[in-house]
Amino acid sequence: MDEVSVELRGISKRFGGILAVDRVTLQIYRGEFFSLLGPSGCGKTTTLRIIAGFEHPDSGELLINGSPATHTPPQERDVNLVFQNYALFPHLTVEQNVAFGLEMQKLPRAQIRERVGRALELVRLSGLGSRFPHQLSGGQQQRVALARAIVTEPSVLLLDEPLGALDLKLRQEMQLELKRLQRELKITFLYVTHDQDEALKMSDRLAVMHHGRVLQIGTPQEIYERPATRFVADFIGESNLLEGQVVHTAGRRAVVQIGPLTTNVLSDSPLQLHQRVTLALRPERIQLCFPNEGHGIWTGLVEELLYAGKETRYRVRVSPEITLTVISPGTNGITVGERVGLTWDLQSLRPIPEHSA
Amino acid sequence: MNARILLWPGFAWLVLFFAVPLGIILLISLAHRAPDGMIHWGISAENYLRLLDPLYWAGPFGNSLVLAALTTIVSLLLGYPVAYAIARRSGPVKNLLLFLVILPFFTNFLVRIYAWFILLRPEGWIAWLLRALGLDLGLLGSPLGVLIGLVYGYLPFMILPLYATVERLDFSLVEAAQDLGASRWQSFWRIIFPLSRPGVIAGAVLVFIPVLGEFITPKLLGGGKVPMFGVLIEEKFLGRVPDWPLGAAMALVLMSLVLLVLARYFHQLKESRWVG
Amino acid sequence: MGRLRRWADRIIESLLVLDTLLVYIFLYLPIGVLVLYSFSASRYALVWGGFSLDPYRRLFADPEIAPALLNSVVVAAVSTAIATILGTLLALAFERARLRLQGSVEALVYLPIVIPEIVMAVGLLLFFAQVLRPFFSALGLTLGPMPAVLLGHVTFSISYVMVVVRARLRDLDRSLEEAAFDLGATSWQVLRRVTLPLLAPAILSGALLAFTLSLDDFYVTYFSTTGGSGFKTLPLYLYALQGRAAIPPQMNALATLMLLASVTLIALALLIQRRTRRA
């Protein structure tokens, strides 16, 4: 797990006047499922294409399996790409598509047949080998693209939003399928997506990108529980972002004043007195209770209520300037215009270390 | 492999057999024709000065310009409704109508002109019909006969780009215009026609340019009585009294006229996707 | 007002339908007459003399027809082969390489399409007379009419093939070629195994276009052979027939057969197009 499979050192790439990739440094370990997550235009696809060899970085260094690969042409890199639109050769059958990479290696025919058969079996497409891509459904085409990319046994598989074109149900099915494949093949998966849900579910680790920069790298849990920037806090799941000032400190504990309200904060590194700080609070980590029972941290007025079946969203005004979003499972009889108390675990309220952005 | 190598065979061919010949036309147009028909190399503008003679412009050059303009206008008037009608249909009917426009265009030019020769001759049906109506027009050997042949030959060049533009138009704009109180005619004239301008220009250029250089139609349907640019050029090279330097100058003047038109409208041609 | 407007609309609409109808009649009337007259029993092409297959019999008996047909087909086939290769290579170079002076190079390649054909024909005539024939005779060789015509036909066909192939190349999904590179193919393998097979329909329609243009060509052939003396393709033969004082009836038969050949060719082209669109 500690062996580095792909390493990027200060990679930058400019298109015209736009810095698409800005000093990206990453280490992806062997056998890891690593995701690049970010909104469209954040530079994640360009980063992937640099690793595949279709774009050349303006500066920085790329290492694949420990050896420099910045200037290696794509056909000599031990990585394969699953294209967003699959890029299946329309004039070749499924079998011929999958065999393409092996034929390029000039393997004996018998071996090619055997490995193509195994790859198709692995993606559960045995029996469809003689079809043409346009005779397959979207999900099946996706599997062919996967088989074609894994059949040459690359050490890294790059996947560029591979499930983007599929509908929700098929997508969830393929997510499980991809995880299974990765477990069985034990190769490094580098997965690009804009879907935070997908990234959290599937990844061992992920990097959140925005405006060409990597904002945070970590396990899904680290990213979700300890967002490093306001952007991450808001992009991954939802967050109530509260701006305040430290008015009292005691070791890792501090009291932060937010407008007319105060709250206790527990932080990893000690906060400075009078420091300005942004706090992130997940809507689903807030509980609503009766206001006069004394254990509510803050109280507020329910201004809006959206019932969505498995959960209900509330907008609660806690001070003239501040409203919080709260998500609770089911309904609890609360109506618009009611006064409620709000509570949360101390660990759920995270100070965000950076100051701006 | 460097993809640049792929350029060389075709490029070299076109330089040798296209660019060099154009250069030779230029050189010869600057030379002098001796009374015995031999070419005396030199650099003079005498051939171009001879072309300034009003006789040329009142005759062949004028004919070419006027007939090219008339062909363009008549083709537009005839072709626009057809292009519009095709574009507004859908499915197999549309494909059939389009196919029927293209089909004659793929038959040999000489064959098509010859067919008009049969129709237009004095003993032909059309002349007979006209005589019955009290009109005695000599069609064959008249500018009108040549015009009919030219319109016939180049009409598809007008219809196809028009069709391509009209077909891409968003016809909900017409509904929007009608919703705002425009009549059908108004919504056409104020919305559709302005939006199909690139197609009109493309069609006009595609008709006007080749007609300027026409030689077969005036020769066969004009019977030598309707001289045009192309006829004159042919005469200077393959006629009984050749004058290559003068013919070369004419060819270059013709080409310059065409390039002038193109330079003016090239981006509209591109817009209508009728050039590369 | 409203009624007047509705009336005006209706009249305009009927005029549009009428115009469309007339245009189609205009397009097909001459062709119909031609086909009809090709079955005329008269000794003159322009006189209807009752139904007969005589014009066709005369056509096949004409000793000039077979060589003209052969010349046309040979010139079309050879020039198409050469022009298709050169034009395809040009298209690949324009779309897949970064060229210096690309604008000027492209201008040279598009120019043969846009200038009047008679200018190109004149240029070739002068080139043959002033450069190529003297050059050949200096080597003790002669430049026959067939090679001269071939040269000319290749020259005007290259650009058309290029335009057709290039359009398809531009629409081609770049990620297909990238996928092949990614799977370890070399540039040559990508070209041979992915790009060219995907371009095949466009190359074929480019070739068909070149073939049609060549079969149809009059100007370049006429000027390259200095007026068709001694060497005739079908169009030159047609032209010569029309130049006669009394046009012989085989003219109609030949025109009809050429029409039939064109219809077959275009139907073939459409069939190919439809098949590739489905794939």
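Note that the chains take the letters A, B and C in the order they are written out, and that residue 1 is the start of every chain.
Following the convention adopted for this analysis, a contact is a pair of C-beta atoms (placed from the backbone, for glycine too) under 8 Å apart; a residue touches a chain by one contact, two chains touch by 3 or more.
Being a predicted model, the structure only gives us computed values, none of them experimental.
Of all chain pairs, the one linked by the most C-beta contacts is B-C. Taking the mean of each chain's C-alpha atoms, the chain closest to the overall C-alpha centroid is C.
Our note on geometry: subunit A versus subunit C, Cα centroid distance of 56 Å, whole angstroms. Distance between chain centres (mean CA atoms), subunit A to subunit B: 60 Å.
Work out the mean CA point of subunit B and of subunit C, and you get 17 Å between them. In subunit C, the positions touching at least two other chains are 186. Those residues of subunit A that touch subunit C in the complex are listed here as 52-54, 73-77, 79-81, 83-85, 87-91, 100-101, 104-105, 132, 134, 148-149, 152. Those residues of subunit C whose C-beta lies close enough to touch subunit A in the complex are 173, 175-176, 178-186, 189, 193-194, 197-198, 200, 279. Across the interface of their complex, subunit B is touched by residues 5, 8-9, 12-13, 15-17, 19-20, 22-24, 26-31, 33-34, 37, 45-47, 85-87, 89-90, 92-94, 96-97, 99, 105-106, 108-120, 122-127, 130-131, 151-152, 154-155, 158-159, 162-163, 166-167, 186-188, 191, 212, 215-216, 218-219, 222-223, 226-227, 234-235, 238-239, 242, 251, 255, 258-259, 262-263, 265-266, 270 of subunit C.
By the touch rule above, subunit B contacts subunit C in their complex via residues 1-7, 9-11, 13-15, 17-22, 24-25, 28, 78-79, 81-82, 84-85, 99-104, 106-112, 114-119, 121, 123-125, 152, 155, 183-185, 209-210, 212-213, 215-216, 220, 230, 233-234, 237-238, 244, 247-248, 251-252, 254-255, 258-259, 262, 275-276.
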